[in-house]
Each structure stands twice: as C-alpha cells, then as structure tokens.
Amino acid sequence: MPGDSRRIRGPEESRCPLLYALPESPQAPEQARTEPRPLYARAGLLSQAKGSAYIETGGGGGGTKVLSGASGPREAERRDGPGLRGARLVCEFRWAPFARLGPRCGVGTALERELSLALQESLEPAVRLERYPRAQIHVWVLVLEDRGSAFASALSAASLALADAGIEMYDVVVGCALSRGPGGCLLLDPSDRDEGRPKSGGCLTLALMPALNQVCGLLCNGEWTEESLSQAVRLCMEGCHRLYPVLQQCLVRATKRKISVPQSGPA
Amino acid sequence: MAAGFKTVEPLEYYRRFLKENCRPDGRELGEFRPTTVNIGSITTADGSSLVKLGSTTVLCGIKAEFSAPPTDAPNKGYIVPNVDLPSLCSSRFRPGPPGEEAQVASQFIADVIENSQIVLKEDLCIANGKLAWVLYCDIICLDYDGNILDACTCALLGALKNVRLPSVKINEETGLAEVCMKEKSPLKIRKNPVATSFAIFDDTLSLVDPTAEEETLATGTITIVMDEDDRLCVLRKPGGSAISAEKLQTCISRAITRHKEVRKLLDEVIESIQPK
Amino acid sequence: MREPPLSNCEKSFLLKAIREGKRLDGRETYDYRNIKISFGTDYGCCIVELGRTRVLGQVSCELVPPKVNRPTEGIIFFNLELSPMASPAFELGRQSELLIKLNRLLERCLRNSKCIDTESLCVVAGEKVWQVRVDLHLLNHEGNIIDAASIAAIVALSHFRRHDVSIQGDEVTVYTPEEREPVPLSIHHMPICVSFAFFQQGTYLLVDPSDREERVLDGMLVIAMNKHREICTIQSSGGIMLLKEQVLRCSKIAGVKVTEITELIQKALENDKKIRKEGGKCGFVESMPQQWITAFKVEKAPVDVTDVEEKAEGILSRAEPPAEAVSKPVLWATGTAQIGEGLESSWRDMEEEEGQVEDEDDEGAIDDPTLAVTQNIEMEDISGKEEKKSDVDVVVLSDSEEEEVIILEPEESRIHTRSKHPADSSATKTTAGKKKRKKKFAL
Amino acid sequence: MAWVRLSEAEKVYIAHGVQEDLRQDGRSCEDYRCIEVETDVVSNTSGSARVKLGHTDILVGIKAEMGTPKLERPHEGCVEFFVDCSANAAPEFEGRGGEELGTEIANTLYRMFNNESSLDLKALCISQAEHCWILYVDVLLLECGGNLFDAISIGVKAALFNTRIPKVRILEDEEGSKEIELSDDPYDCIRLNVENVPCIITLSKIGHRHVVDATLQEEACTLASLLVSVTSKGLLTGMKKVGKGSLDPESIFEMIETGKRVGKAVHVSLQEILNKEESLGKQRQKVGFLG
Amino acid sequence: MAGLELLSDQGYRLDGRKAVELRKIQARMGVFAQADGSAYIEQGNTKALAVVYGPHEIRGSRSKALHDRAVVNCQYSMATFSTGERKRRPHGDRKSSEMTLHLKQTFEAAILTQLYPRSQIDIYVQILQADGGNYCACVNAATLAIMDAGIPMRDYVCACSTGFIEDTPLVDLCYVEEAAGGPQLALALLPKSEQIALLEMNSRLHEDHLEKVLDAASKACRDVYAVLDRVVRDHVQEVCTLLGE
C-alpha cells in the first residue's frame, strides 16, 4: 500500500498517444541489407567514470545512441559466492525513460534485467577476470535513444568502456544485430522500425571477439529454420568484423588523447 | 608535486588559488564554465535537450502521455519531473532506487516548475475532466562534475521549449481520443527560469558554478532561480555557513546576468532548429 | 543499535522478585499500569499511555475502488511503526519479526473480529468505498506494545469521524465538515488485547509485562476480548509449553481486565465529546501537565523590526547592479550552441572533433591497408567529402554550420583525400545527411 | 542444491569421459536421463504437470484468469510466466535468494514463446479490447539436479496440454450491456493447441564436445552452454548463450543441428506419454508425491 | 454465516463429514534425495511439502549463532497456483511472514535444540494446494520431515484446526468452512504430555465455549498423531526392508 516516495509520482495510469494515432501511410517495403549502418564511436568522454564510451548508429531522423561507463576494479562487496578467484563483473543495461517511441519505459523491467545478464555473460569471456581476484568491475550502459539494435551497440560500447578503463581484456567485444522480415529476407543492423514490424520473423543479436573468432554472446527470438539461423549467425559475424576496425580506431584515438601526445600519426 | 599537495591538503590547495582570485581550472570566481546546449537531438522523445556545464552533462527528455485529470482539478494536466543520478555519472551514486541527492534534485525541479509557472497546468488539459497531457520530464545526469541543479533547470527549460504535442480531437461518437501525429504544436512557455548556484568558501568567498570538487570542499551552497522579470522563483540555501545580506544581493545580481546569458543562448538554439 | 543485554545478576533479581510475587514498580501480579487516554484536536487522533509506553493513533480515510472480490466492502488498513524514537533498539524501515507479529495481531484482533462494519463504508458498490487507514506510532517503549496499540487503535477508530457523502445518480459528493457534520464509523464492539507473560516454564504468570519483564519471560499469551466476553484473538508465542488450564485461567482474567479498560475508554470518549460540545479546549497540549514545561516561563526575546526596510534599502542601493554586458553565444551547429570558452574538459574536445564521422563501410576502411593511420583519417576524409559534396552536389540538407566545426588539417589532408577518393564517391550521398545529424547531437 | 563445487581432478575426469562419449552415469553425449511426467496433479488449477528429470523436480501450475487485453494487442489474450525457486530446492533460495534465477528462467521462457506460432493467443481473447484470458504459467522448482531449462520447458508444455479453460459466452441484453457467462460443465472447455509449443534443449560445452541434459556435476565443468528452443516440427524459436565462456562459430552450428535433432525426439516421446495418459482418462491412478 | 449451512440438522458437514471427523490424511516421508529430510502430506485437498536441511553450520553472518542451542530457521511459502485466486507472491507478505514466525516458534519449542549448539536447522514448507488448515498441514508435514532428517524432538507436534458452529465444535476445517468467518482455532499439541506448543484463535468466540473447543481440538490432534505415527512406522519398516535388515 505505501507508494514510492522517492520519486515524484504522476497519475496512476497514463497511456501513450501513439495508441490513438490515426493510421499512417504504409511503411516502405523492407529490403535485405547486409551492411551495418554507419557507426560513430568515441571512448573516454566521461570525466567521472574510469572508462567510458559513446556509440551512435543509424541515419536520418535520429539514430541509436548508447552511453556506457565502467569503473573498477575495486574491492568486492560480496565476499561469498564463486567470485573469489576472479573479479565479479556487474553489468547494468537500461533505457532512458524516453529512449523509445511508444510508451515511456519503466525502470527495472524484466527485459532490462535479462539484457543486463546477457551483457554480463557476453563480456565475461573477453575480460581477464582472473587478473583481479576478490574485485568487482562495474559496467553501466544507458540507451539514450533506441532506433534499433540498441543491445548490439550496448555490447560494443560496454567493451569499449572496459578497454578505456584499462581493464585487461583478450579482445574487444563487437555486437551486431540482425532481423528477419516475414518475407525471409535478412536485415543486418535493423532500425527500430524493422524490429517493431508486426510478424517480423525474428531477431538475433550476436557478440563476437573478432581477433579470436569466438562468439561470446548470442540472443535470439522468433521463428527460424536451421538454415536461416545459421545464415543469420554468419551474417552477424561478418557484420562484427566490419565494425571491428572502427572500434579499434576509436580506442587508439582515446588513448592518444589520454597521453596527450600532440597529433602525430604513427606513420 | 602540486598533485601531491592537492591530495594531502585539498582545502589549503584551493585557498592558495582563491587568494589569487582564481580557481585551479583557470576560471575567475564569478565565471561560469562553458555552457553548451543542444536541443532536439533525441527524436524518440517529444522534447529533449542536452546541457553541458564544463564536464557536467545533463540530458532531459520529455514524453507526453494521456491520463485522466486529477479529481480535485479537472482542468489541469500533470508535469512529472524526475532527476536520475545513475551510477554511470559518478561513483558516488549507488544503483537502485533514487538516492537522497536525486530526490532532493527532483524536488527542487518540481519546486522550480511550481513556483515559476513555467508551463501552466491548465494548458495541458485536453478535455475538461476527461483527458489531459502528462509531461514526464526525465532528467538524467550523464556526467557529474558539480552544479547539477543549474544544468538540470537549464535542460528542463530547453526540453520544454522543444516539446511538440500532436493535435488531439475527441471523437464525438466513441468518446475516444484521436491523435494526429502530423499536426504538432509547441507548448506555451510562460516563464524562463534560470538557476545560478554558488559555493561558499570559508564563510565569505562565493564561487559561481562550482565543480564537484568545489562542492565537497565548500562550507555551503546557494542556488538562486530567476525569471525574465527579475523575480526570484526559488532561493535554496541548505544550511552551511551563513551569508550576509550584501553578499546575497551580489549573488542575485550575478544570477540576473546569468539569466540573460542563458536566455540568449537558448533562444539562439531554438531559433536554429526552427523549421524554415 | 542493539539493545544492551540484561546482566545475569539483573535477570536473576527480576526472576526472584517474580517468584516472590513482587514487581519492580510495585504492582500486583494481575495489575495493569496506569492507562491514560488523550485526544488530539482532530477527530481520530489519540495518544494512549500505558505506564510510560506511549502509542499515537491516527485514523485517516480516502475514497478508493474496492477490492475485486469484495465489491461492497470498505477497506481497513492497519500499520504500526516502531521508530527509533521509542527505543534505540528499533531500526527504521526494516520489517522486523516483532513488527510483523504485532501488525498481524492488530489486523486479526480488529479486522478479523469484524469490529467495524465494513459494508457501511461502501459508497458505490464496485466503484467507490472508503479506505480507512489506522496509523499507529510507538512513541516510547516500556513494554507491552500490543496492549497499548490495540487500545490506541480502537480508541482512534471510535473517535474518528469521516466526511459525509451523498450519491445522486453517478455523482458522488463529498461534504466538507463545514457543510455537513462528519459521521462516526459504526463500531460493533471493542476488542482489546491483554498480554500475559509466563516465567520459568509457565510456573509464574504476570499481566501487562514491562520491558524488563519482557526480557526475562519465557513465553507470552495474548488474548483479545471485548466486554461481552467474546474472545477475538488468542495467540501464544515464545517457546513455552502451555497447558489447557493455564489458557482457561488467562481468559478469565482477560475478561475482567477488558471490562475495566472498556469502561475507561468510554469515559474518555464521552469526556472528550462533552468538552468539544461545550467548545472547550482540546488537543494534546491541554493534556500535558503544565509544570513540566519550563519553556513557557521564558520571556519573549525582543526582536527589533523597525528599521528592517531601511536596512534592506541600504543593502540594495549599495549592491552592484547586474552586469549589462552579456556574452554572446556561439552557435556550433543546428541545435547546439555554447557560451563561455577556454577551459578544457573531457567532454569539450568532443565538440571540436565531432565532425569526425567514421563510416567505415563508406570508406571501405576494412580493406584499407593504412588502417594504422588512425587519428587523422576521419578529419581528412571529411574534408575530402566536403569537397566531394560541393562537386557532386547531392542532397544538401543544411551545410551552413558544418564548416564551423570541422577542423581541417591542411598538410596531411591532401594525401588522404586522394587515397580515399575512389571509395568515397559512391557514398557521398549518405554522408552528407549523416554528418548533419551527428552535429545535432553534440556528444 | 543449486550448484556443486568440484575439484580440478573431478572436472578433468568428467571432461575426459565426455570426450570418450561416456558420461558418469553411463549415458552418451546425446542421451537424456529418464523423464517422468505426470499431468493434472494440482486439482485447483486449469492445468498442471509435474516433471522429474533425474534429481530435478518441477511442478507447473497454470491458472486461467479473466482480464483485459493489453492496449497494443486488443485481439489477444496473454501468457505470464513466473518461476519460483523455492527454498525447498536449495537453502540459498530462501527469502529473495531465488528471485534472480527465477526471473532469469522466466525471461528465457518469455523469449522462447515470443513468436506468432507457439501459442494461439487470439484464441484466448473473449471480446475485443474488453475481456480475455490471462494464462498464468507458474513454475515451482522443488529440487535442482541440473538442466533446469529443459525440465521446465517440458513441464510447461505438459501443463499447457493439460490446461482446460471453461467456455465463455457473451450475453448481450437490449441495452447493449454485456454479461459474461461461464460454462459450468467441466467438459465444455477450450483446450490449447500445443503442437508448436517449443521445448528448450540445453547444450553444454564440455571440453571440445557438447552434451545434452547435463547433471549438476557436468554443469560445474561447463563454461558455456547454448539454449535452443525447438518445436516439434524442428523450427527454432529462440536461442541464447549462457555461462561465462565463449563458443567458436563452428560448434554453434553443430549445436544448433544437435539441438534440433534431439529436440524433435524429445517432442515425440513427450507427446506419446501425454496421449497415453490422456487415453487412460479417469482410470489413471494419480500418484503425485505419494508414489 | 449466511447462505451456507455448514452443519446439517443430521449433524453432517458440507463434505459429508461428522463434526469431529478429520479429512483423509495421506503422507509420505523421504520425497527428495538432496535434502536431509523431507515429507509430503495431503489432508483432504490441502497439500503441503516440507523439507529440512541441517543441522549444519550457521549460514550467513555468524553473529546469529546461539552458544547453547541450534537456530531454527523456517520459511513458509505458498505456490502461486495453490489458492483459488492466483497469489502474486509465494512468500514475503504479512500473512506468510506471520506463518513463518509461528512455525519457528512451534518447532523451537519441540526440537531438542540444545543438542546442537552453534548450528542451524532449516525447515522450509511449501503449500502446493490450499484448502483450509494450511498451518496445521505444514506443522504435520514439518514434523515428519524433521523425523526423516533424524533430528530429535520432545514428541510429535500435531496440529489441527477447529471451528465452532451452532454450539458444536467442528474439527479440521476446509476452506469453505474457514471462509465462512466463524471462530477458528489452530492448535499445535505435543500429544503425550498434552502440552500446547502454539495456540491461535481468530474471530469471535464466547469465553464460555473456549474449553469445549480446546477439548475438541486436542482430541483431533491426538487423532492426527495416530495417523502420523502409522506413517512413520511404515516408512521405517520400508527403509529397513530396503536395507535388508
């Protein structure tokens, strides 16, 4: 019965105006796409976090904007459990309340919790946790605007933030998403419109360590045949490989900025 | 050497600077950090703005939804401001429900809205007693380097100026709302409150726009919110060292100047994104 | 803070006294401490003192939709708070076992025994009912919280008056106390809890244990009863084994105690009613013994307010007027502007660089052997695109602000521009639009 | 016990066994343990099932309750999953200790059922935007012996098969006000089509090979596993990597293939048991926990 | 109260029982292999499962340990589908917490805790299907589970609920009888010494009738005892045969 006094509360119930919107003109037919949308990445922009990264993807009328921060290693809060031999990686993934079209998202939804866990399990293989016994490393990801493939960008952003924080890693984790339209065509790096299409055949998000060619995260729903799924996994891996150099460059640049060497290229 | 001195005796370190009438980051006592405003970048929100004060970065996004008006005021809508200080922005904040500082900031913003009448709640009513807009103003701090109250107020104002609400008609037959997303109109902004914060050092010196470090070392803070008619909307002085009336008056004068600056800044930005 | 444990010597002293049928405060075995009931100025507010155990009761109510499975019944909610004010042993905000036990006992004693007619709280069946909320705060803890709380709850409920309502069609009108006299709740009976403490495996029995006695007891039995000798709740607790005879004996005693207490409550209620009717003073202040409050005797400190205005005027006139000169904002890009300059911050260099859009697909950077040349690539190829754009002149959305942001590096740029050109030409179209967007969001 | 700790030697022993296609309990890599399924074990639910898979013991209860459809989907009913990891299964789960695992499993179930064909949600709608059935699928974890996801998904399918929702008629009087009438005949009911309800197959990577239906000990030596949800027709309705390890791409393709093959086999035998139980009807002796 | 006739003129109840007749009790010990002790009980349609872990080292902070006896730790939880209307949470609400507390009190009194200083005994009970007398079914199931775990007790703890309608005590109430709102009393008894481990009563009962109801309840508890004793003896015999002794 007692309500939440820690937030300023609005009315008990509110509805999204989009539900009452007049029907719009039909959307443009989808096309198969095997190239990821352009991506902008920047590491080391937050002043307070030890490591941070910002990724923006997509074009025209807004893109997916993801901000990530990492801190640690610091002393572990929980001393029990299996975390003694290596560090505990704690991940938090969430959407800003206004990040998506449609109704305002609440805090701590089931999906956020699931993706936080998936983020953690996808980053764990890449981080050399055994180097930091009895420690914990925090990674936060905040989606400022979701125009599709937010979780894939979150994966990349989080691993950039970890690298920027100087945490030892085997490789940078690159995330890439794919959706399958009802017609069966595969769309790499879908926009929110593609993802939200009714009867879309399914979505797949894959996390890859490109240098080691190891898949460290895989999350998929929808209906697939074995062949289409294998095809989708392959496409996603290709997508990851294409994004990899951008992330590398971004890290190199961030490092340079940090050591504040005047801009003299390694060449 | 200087770094070591700073770690061991942070207060003394600051005092040496202040004696020379400047601050470690090179500013004068009455100087703001560079303020950058970016409006309308979050397309999923109905209105948004990003404000940077030096490193401090605050993002405000506004979502408008429908609800029945409150029973005790059938001709009003709702404005629901919440300030979120995630652990992303500073290691001092724990994850989980809003902590003390976030609650205080949320309440402060709510007070600013209430006192300044920035937007009249009556303007948000669509159909008396039936339907009204709820403006969820979510302010998220992305980087915490002091003086978030100023940044939050500015971000809120910027975002409110950016809000475009779709036109709504009530269908006579079904009694349901019909929304036309194509026809959008801006909100009527009645007042432009701008906040100016000061940190009080050693009971006498007042520094404008304190960084996080300065805030922790200061003996008190004071925040003044002015509107364009040079009226005080909120004056917040949560304890700390006392301040003389003369000093307060100087602060208010500075706040008036600041208001003009920020007003101009916001106008310019809004102008630049106006569809031509 | 944990309560400091009772020393063995204290314990044995207490137990010995109990064995001899003596109590520290001089009571007999079956005696209650003094009960004092006082009322606040508002209806439904009271303080019950049992010895020095004090409980504040406050009743409030509001209109809510009823529970789905009981559309014609009002809702009653009880909440007892144990604040650290009452005893340092209580922590704020934690649901301790004791608190759960007490709250459930209250619920069972008052709600399950149906002492309040919940159906009379229904306004419109299935739509609006009164929700009555009884908040109880323990102000001081000196043992036997439950008895004091149950008395406070029933007293507060009997004292409470709710707003009157009328229904006309669908419209429900709630009248303020000025418009219509508020109505009392309909109370069927008054259950009151009586606590028994057992010592030495049930050999000794005390009524109304004080806090010290509570700390040496082996087990408790709480019996709630009304003056008609109807048992409303029995609850044994603590790890003792009782026998049937003991329970029956306790229920006999409880009957007597409840009759006494009920009389006292009724007297207090009537007394309050009389005072209110006569327009006498009521409220907690009236019930406070004057001699304890010394603050009333202090004379008022004189505050001189005569020349305040002149002083203020003086300050205002002496104060510096606000500066007229205002710095001019710099517009970086559409939707982004800045005032103030200089000063390095970690976010700041972003703006300078933000033109650096990396479009690896467009550049075909993957196959580019010069990948190692990183830092400057983006700037240069933008310049390349810039040139390109003016050449090809495809979709130019708004190009005016872009130049301000991009920092060109003339020496190296030409080399790269050349190297990038073949890959660029196909992608220029997208880039132009993209770059503009990037600038909108100056992260 | 939700998990066990193994010494390095034990881990090596298990890994070597898997390499030789001979596991601790004598199974080969693609063998399941014996699965016991019994439906209709809790009489006050719309459908229920108990699944025992080795030491893993699951009870699934489904309750159909009337509610309003979601705003964005006015023509559909909904399904809500809840997994209670009770303290019975492991003392660590006491209080709120089981919540984390519970939500993880529930989220996975949501993901695997998040498609058009798994369940016909339109059949659960009573009247558009006003009334629909909400199926509460509540899973109670009573004992953990490894491979929770598979056992739970089998239990969910069996319970959905067992679910009977009373038929509803909407009576409309002259004034247009609607009234809902529930049929009181217990045989007059809707049954759900479970043909496309998926089962989750967990493939645990141990050493260079992967096994299905890992025991607790085997789970302790698994670094990464892949959950694949498969329908009886061999369609894949979801996939998820769990655990702290990573997988190489080739093994993912192999795992998908194995998952599909094993999944189809599991569906066949499950359907067989369910049909057999159904055909016995009332004569079937209910065993429950007493057997 | 109104509407339903809980006791017919012929002295039969809704489900055809007589006033002092118990529902059918079926029970089994040793249901699970991983726990130290476990038991399952059906009392009519009320089904409960109890699991015991321990005695073992104190879990969590050591400051909870008692130097002279074992800590008894309980949790009462109801499956979300156990009730007629779906429950939102299996445990953690006020009623379940109270029930947890009562179970703890009951078994602290009955278990010889002083034999296991500085250790902990966990008793977890789960209601699978609720049809009245939840507390009692839990106590009975927990008694069996504790015995299965081999933890010594003073005596069996047998519990039974009793109502009172038309001057007649009714034992072992089912859900409909409980929901009618008449007085109800739950009693946990140690049958040999007739000691009361826990007594709880709700709603209104005139003091004069208390003795009558208490007597009926303790008689019912002794009946429960007879059944439980049979179950334990059968179980032991079965285990012995299995071991080949």
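Each chain gets a letter, A, B, C, D and E, in the order it is written, and its residues are counted from 1.
The criterion applied here is as follows: a residue touches a chain if its C-beta (ideal position, glycine included) is under 8 Å from a C-beta of that chain, and two chains touch if they have at least 3 such contacts.
The structure displayed is predicted, hence computed values, not measured ones.
Graph distance from subunit B to subunit E, where chains that touch are one step apart, equals 2. Summed over C-beta pairs in contact, the chain pair with the top total is A-B. If each chain is reduced to the average of its C-alpha atoms, the one that sits nearest the average of all protein C-alpha atoms is C. Taking each chain's centre as the mean of its C-alpha atoms, subunit C lies 40 Å from subunit D.
Our note on geometry: subunit A versus subunit D, Cα centroid distance of 29 Å, whole angstroms.
Distance between chain centres (mean CA atoms), subunit B to subunit C: 26 Å.
The geometric centre of subunit A is 36 Å away from that of subunit C, both derived from CA atoms. Each of residues 345-347, 441, 443 in subunit C touches at least two other chains. Shared interface positions of subunit B, i.e. residues touching 2 or more other chains, are given as 41-42, 55, 143, 145.
Across the assembly, subunit E contributes 85 as residues in contact with two or more other chains. Listing the residues of subunit A that touch subunit B in their complex gives 4, 6-11, 13-18, 20-22, 24, 45-49, 61-62, 65, 67-69, 71, 92, 94, 96-101, 103-104, 138, 140, 142, 144-147.
Of all residues in subunit B, those touching subunit A in their complex are 41-46, 48, 55, 59, 61-68, 70, 78, 80-82, 86-91, 95, 97-98, 102-103, 106-107, 110, 134, 136, 138, 140, 142-145, 166, 168, 176-181, 212.
Put simply, subunit C touches subunit B in their complex at residues 311-312, 315-316, 318-323, 326-329, 331-332, 334-343, 345-348, 351, 401, 440-443. The touching residues of subunit E, counted against subunit D in their complex, run 26, 28, 31-35, 38, 40, 42, 45, 47, 49, 51, 53, 59, 73, 75, 77, 79-86, 90, 92, 122, 124, 126, 128-129, 131.
Put simply, subunit D touches subunit A in their complex at residues 71-72, 103-104, 106-108, 110-112, 114-117, 224, 226, 234-249, 252-253, 256-257, 260.
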